[in-house]
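Listed next: structures, encoded as structure tokens.
Note that chain A is present in both complexes that follow, paired respectively with chain B and with chain C.
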Partner chain A sequence: MSDIIKKNAWVAGLVALLFVLLVLTKAIQPSFGMSGLESVARAALPFAFATAGMAVVVIVGGIDLSVASMMAVCAVTAAVLMERMAGVPAILIVLGLGFVMGLINGGLIVLTRVPDIVVTLAMLFVWEGVALLILESPGGATTEWLKQSIRGSVIPFVPNALAIIALCVAVVWIPLRRSKLGISIYATGSDELAAFRSGVAVGRTKIVAYGVCGMFCAFGGLSLASLTGIGEPVPGPYLMASVAAVVLGGVVLGGGRGGLLGPIIAVLILRIVRTILTLLAVDPNVTTIIEGTIMVGVVMLGTAATLRGARK
Partner chain B sequence: MNANQILDASGIAKSFGAVKALVDASLSVSEGEIVALMGANGAGKSTFVKIITGALTPDSGKVLIRGKQARVGSPAEARRSGLVPVYQEPSLIPDLDVADNLRLTDTPVAPFERWVKELGIEGLSLSDMVGDLPLATLRILDLARALASEPDVLLLDEMTAALPSDLVERVLKVTRQQADKGMGVIYVSHRFNEISELCDRATVLRDGQTVGDLVIEPGVEDRAVELMLGQRLDLAAREVNKTRGTIGDTPRVRVKGVAIAPKVTDISFDMFPGEVLGVVALEGQGQDELFECLAGFMPPTAGSIEVNGTTTAFRHPADAIAAGVKFVPGDRADALLAQRSVRENIALPFSARMSSWGWLKMRHERERVAHAIERLQIDTRAQGEVQRLSGGNQQKVTIGRWLATGVETLLLFDPTRGIDVRTKRQIYPLVRELAEQGSSVLFYTSELEEIPLACDRAVVIFNGRVVDIIDAENADEQTLLRAAYGLTAQEGAA
Partner chain C sequence: MNMATTDSSMVRFGRFLRDNPVIPLLAFLVLMIAVLEVIRPGIVTPFRAGRDGLISTFWVGNLIKFAIPLAMLAACQVLTMLTAGIDLSAGIVATVAAFVCATLSSIWGPVPAVLIAMSMGLVVGVVNGIGVGVVRVHPLIMTLGTGLIATGCMQVYQRLVINAGSEIPAVLSWLGTGRTLSMPNGLFLFVPFALFVFWLMRFTGFGRLLFALGSNENAAKLSGVRAWQVYVALYALSGLIAALAGLLYLGMIRQTSLSLASPLLLPSVAAAVIGGTSIFGGRGSFAGAIVGALIIRVLDTMLTLMQMPEGARTMLFGLIILTVTAIYVRITGSR
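Take a look at the complex of A and B:
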């Protein structure tokens, strides 16, 4: 039991922080309730998916700078398809597309041996161009039931947006995490040479991890289309935000350590901080300074706590 | 040819660009046979090991497994064809727990746990994170994992290098037992005593070629060294010229009743100028802490350290350095600037003192550096990056640079670990020369045979306390080993 707490201390700390922030929000704005929570969760939806994708590639020891562009490609593809066909096949096609885009990113990194940061920076521009080719200006349409699904709450006190994140991540990540492939992903990120020597197909593992990242970006693109009702070809601010949430969520840049739960909670924390600062009418320019400060502070405190724990 | 032959590699060649690592290497193992693979550093041993285990593919030559041509393209394929390696560096994943590491290689858990016990590791939990475990334990887990997959051929690469003596014995015993049951073993090692105790045959590699296949019998050592070096070794040269003589009666360093919680309980000794003082200890007896304490990494919890008659309290490595105490860590990577030249690395201690020396001494510095490089016998590559040198040559730089700079007290922590015989024999004279210059050298080594070769006296540490101080001249390995096990009391060693 103490083992489980020890291994998940970071996530537990983040949950506590999230709770404190929710109470704080309620204190500042007594009218903050279910609808407020729903809007925070909805806004967090694309951020959460971008972060989940980023977390997977960071765990495998890489980074993907093209997440926002892939989300844009998926959003416009979804909007174009949904104008012409039913929702479910369109969703499946978009998920497949995301997976393939990720595989291309990973494949290029593994085959060309060009550093991941360079390849995905190049792909950031490539996917951005692809999105504009598919849809030059915002347009298309989103299936009505999809738009409705992210609103309201079916389970009491749990906004649908939150339930959707939990469901998608659970369906993709939990089976993966428990499979040998999942262990290989952590092994590759932790020590590539040792993983190779243990018989892990390091290259293939990396490519699949990028594929999974692409699939989460597809979920993100779908959520963008559902939020706006149209497809928007210009990438949103999801790249840096996802890196920030991954770090805050306890995934070690460099690979091998962390999970997906922490980063997703970190997304919610960053969104709520933003809500609080808006409620307090803080200058938007100061807001980003405060967000940055919180990030460094939390990671610093966490590291100090981990070090002290390790020494005992 | 014999019917029981499991692995037969022949005519293996491999080049990296213009460098021919292997020219014509061969090796075979039969059922129940333990074959040593020997060779000086740079002979191509590690390349050969990587090819046999699938981590590299050869340019030419063939590997037969049970008479059939095998394409071993990756460690995973090698594993499937029954060839399981235990590499020199642990190949367990630090961020996974033990259970996940086993799943990664499809290793059955029950036999693994049995082997772990058999090999003498107690209290291991499968949920332990690998990164939290000590190095010696990792090596044993690596071996237990290999054994649990019931290999046809087990390859052990410097398996015992980081192990304390009691674990070494267990490893040798288990290896012998398994060989008697029919497993073939390739045993890569620098340690003659283990090879002669354990192995049936020895394959010797020199300059990328298999130059000999020896049956292990008394006296084979000299023949093996001869093959490795490519020339008849002058046995007299093994005796390092020792001009004994401590200078003066005042100890350079006096360690009095030092304790460092929790491992070190009571250590006292004196080090005189002009003396090489050996430290003999089994793994984990507190020698690591003693060296770190003397180097200023941490203060002692009790007792005192006097340098040149003054009681000192080192709070920081800078304090120790200021007091003339220099530490050469066991890990060469910690001591050198890998991407700089040999010349720069040797001059580094000078540069650190540059502000007080002024520009007038520059020429003098250059001369002394040049002399040191000449002395180290690696002059041809003095302009190259240190990281391109072999481990042995790197270690020569870490020690030899103090010849140029001059040093009062030098702490050498296991400087010859993983270094070939030839280079080792170049290191002992360096250490002696330092002593002749008036330095005091504290010399911990995990290889007992080095004590009489390099030291004047030896402090034996057991369980955190000094149990004996032995005159190195009369210290044969057996005496030292008995002392290291805390057995001196009955017989008296000297």
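Take a look at the complex of A and C:
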């Protein structure tokens, strides 16, 4: 019982923090309204998907350093394909590609028995290279309706970008979480040996978790392509941001605990902080420093809190 | 005894390699150089291309020259990996040190510039150490975060000194580009440095504490090790080493940039891992990392010679790191 309260307390605290930050933004810039919220949500799209993917692999007890590179591969593939074919088949191909890339990452980790951090570090190079081979310099095109879909808001007071995040994550994660596989993912993350002895197919679970991560990266790549309208083969700054958001969102590094809701709220919090700093007319470089300090400070506090909890 | 006799020769061979990881690595290095020679006859052995000499000292010198900064950054990774950590801020610390040194030496002269540059490394290292040792943040996150902060600080600093111009201290150019007996002068810095790291890891109490913390942190703590002090000292040392590597690299490249040494970061992790250092702590050797750095440089040359497009080069680089590590794990049967 107290465990449930504790689990939800973290997410509730994040929501409260998000709300406070939104009020603060409104106080600084009284004209901050729907359009401001919309641009925050739009900018958060790729970060949210990278974070969702990272959260899944962290829950299963691993880490994926190649998220940014996989997103780059998906973005350039989407841009190249959409120049030649209709949007829907291109999107399906890109999602499949992301899933396969994730499966390759997971398969290599399980088959070679090399630590996940090393495998995904190597795959970071590999996927970056693949992205450069597909498209040497930024180019390609994105379907018009896809570009339009992330703008505006169909449901009142909910930016489309936010709805897309919620929809994509819910469609992939909720059925997974409820299934036997979801339980296996949490079991593998909290104690791999115990899970193995209880009859969980640990290897297969890991591979699928990395596959899901790859699929989220494909969503991230698609959102990158639709944000910029082109494909950019150079990976963005999504690795660090996603790890920070995952930790801030209450997923314990090492696995087994946390969900996807917390990390995604954490992404929004980090994006709002950036907006506030921009509204305060802070030099963008100083913003980077402040953002980094906040990320590190949050992670420090979170870790200290976890440690105190563990001691009790 | 019975166990030993029933072991297959393969297992015994594996155990031998696990205890001496440098031997298969050296064999692999020689193999790579042989492949390089096949790809471009005469690059290593000039007599085959009609020139004098059995082995090109110029080529060997170049190989060593460019492997030195990589091996120094790999030292950061080896030392931190001994305690199951990693230092992902090393590349940025090296860049910051180089940038600060180059911009300040035109204002205040080379000696204060070098000292300030080194102290930058120390500051970042101490912050890392406090985060990892006192607050217990995962090293990966902590060093990524301080790296991000350091990058931001450097960009702000760059706008302050944008008019100051830059100057490379003569000592650093001499170390970076000069040659003595056709071997790079960087060795004058690197050989004492490498001996220091060997000494530190093998013959000092500090080195034993690193191995102890990495093998079993709880056991080490219960035996009375004040872990946080070791971590702060370790990451401070790692920051200093990274700053030193950055200064040497500055002398080598003789150009300032805001991303000077950043591309060296991931190869340095790769060099440490290829060199048989376990990312889970408790096992590692700097000798292996040095050979790892040489292997990576030979690989780099090979890919350049084959005129690989940038993408294919990056890709192959990653695949080879993965393959080498996988083979290594398979042979030694350990992680």
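The rule is short, and it goes like this: the second predicted complex is superposed on the first by the 279 of 312 C-alpha atoms of A that agree within 3 Å, B and C clash if a C-alpha of one lies under 4 Å from a C-alpha of the other, contacts with A are read in each partner's own complex, and residues count from 1 in each chain.
The rule is short, and it goes like this: contacts are C-beta pairs under 8 Å (C-beta built on N, C-alpha and C of every residue); 3 or more make two chains touch, one makes a residue touch a chain.
Model, not experiment: these values are computed from the prediction.
In the superposition on chain A, the chain among chain B and chain C reaching more residues of chain A is C. Contacts of A:Val200 after superposition: chain B is touched, whereas chain C is not reached. Once the two complexes are overlaid on the shared chain, A:Gly189 sits against chain B while remaining clear of chain C. Contact residues of chain C toward chain A in the complex are 86, 131, 135-138, 140-142, 144-146, 148-149, 151-153, 155-156, 159, 266, 269-270, 273, 279-280, 309-319, 321-322, 325-326, 329-330, 335.
In the complex of the two chains, the chain B residues touching chain A come out as 55, 74-76, 79, 85, 87, 89-96, 100-101, 103-105, 127, 132. Across the complex, chain C is touched by residues 63, 108, 112-115, 117-119, 121-134, 136, 233, 239-240, 243-244, 247, 253, 283, 285-293, 295-296, 299-300, 303-304, 307 of chain A. Every residue of chain A that touches chain B in the complex is listed here, in rising order: 3, 180, 183-184, 186-187, 189-191, 193-201, 256-257, 310.
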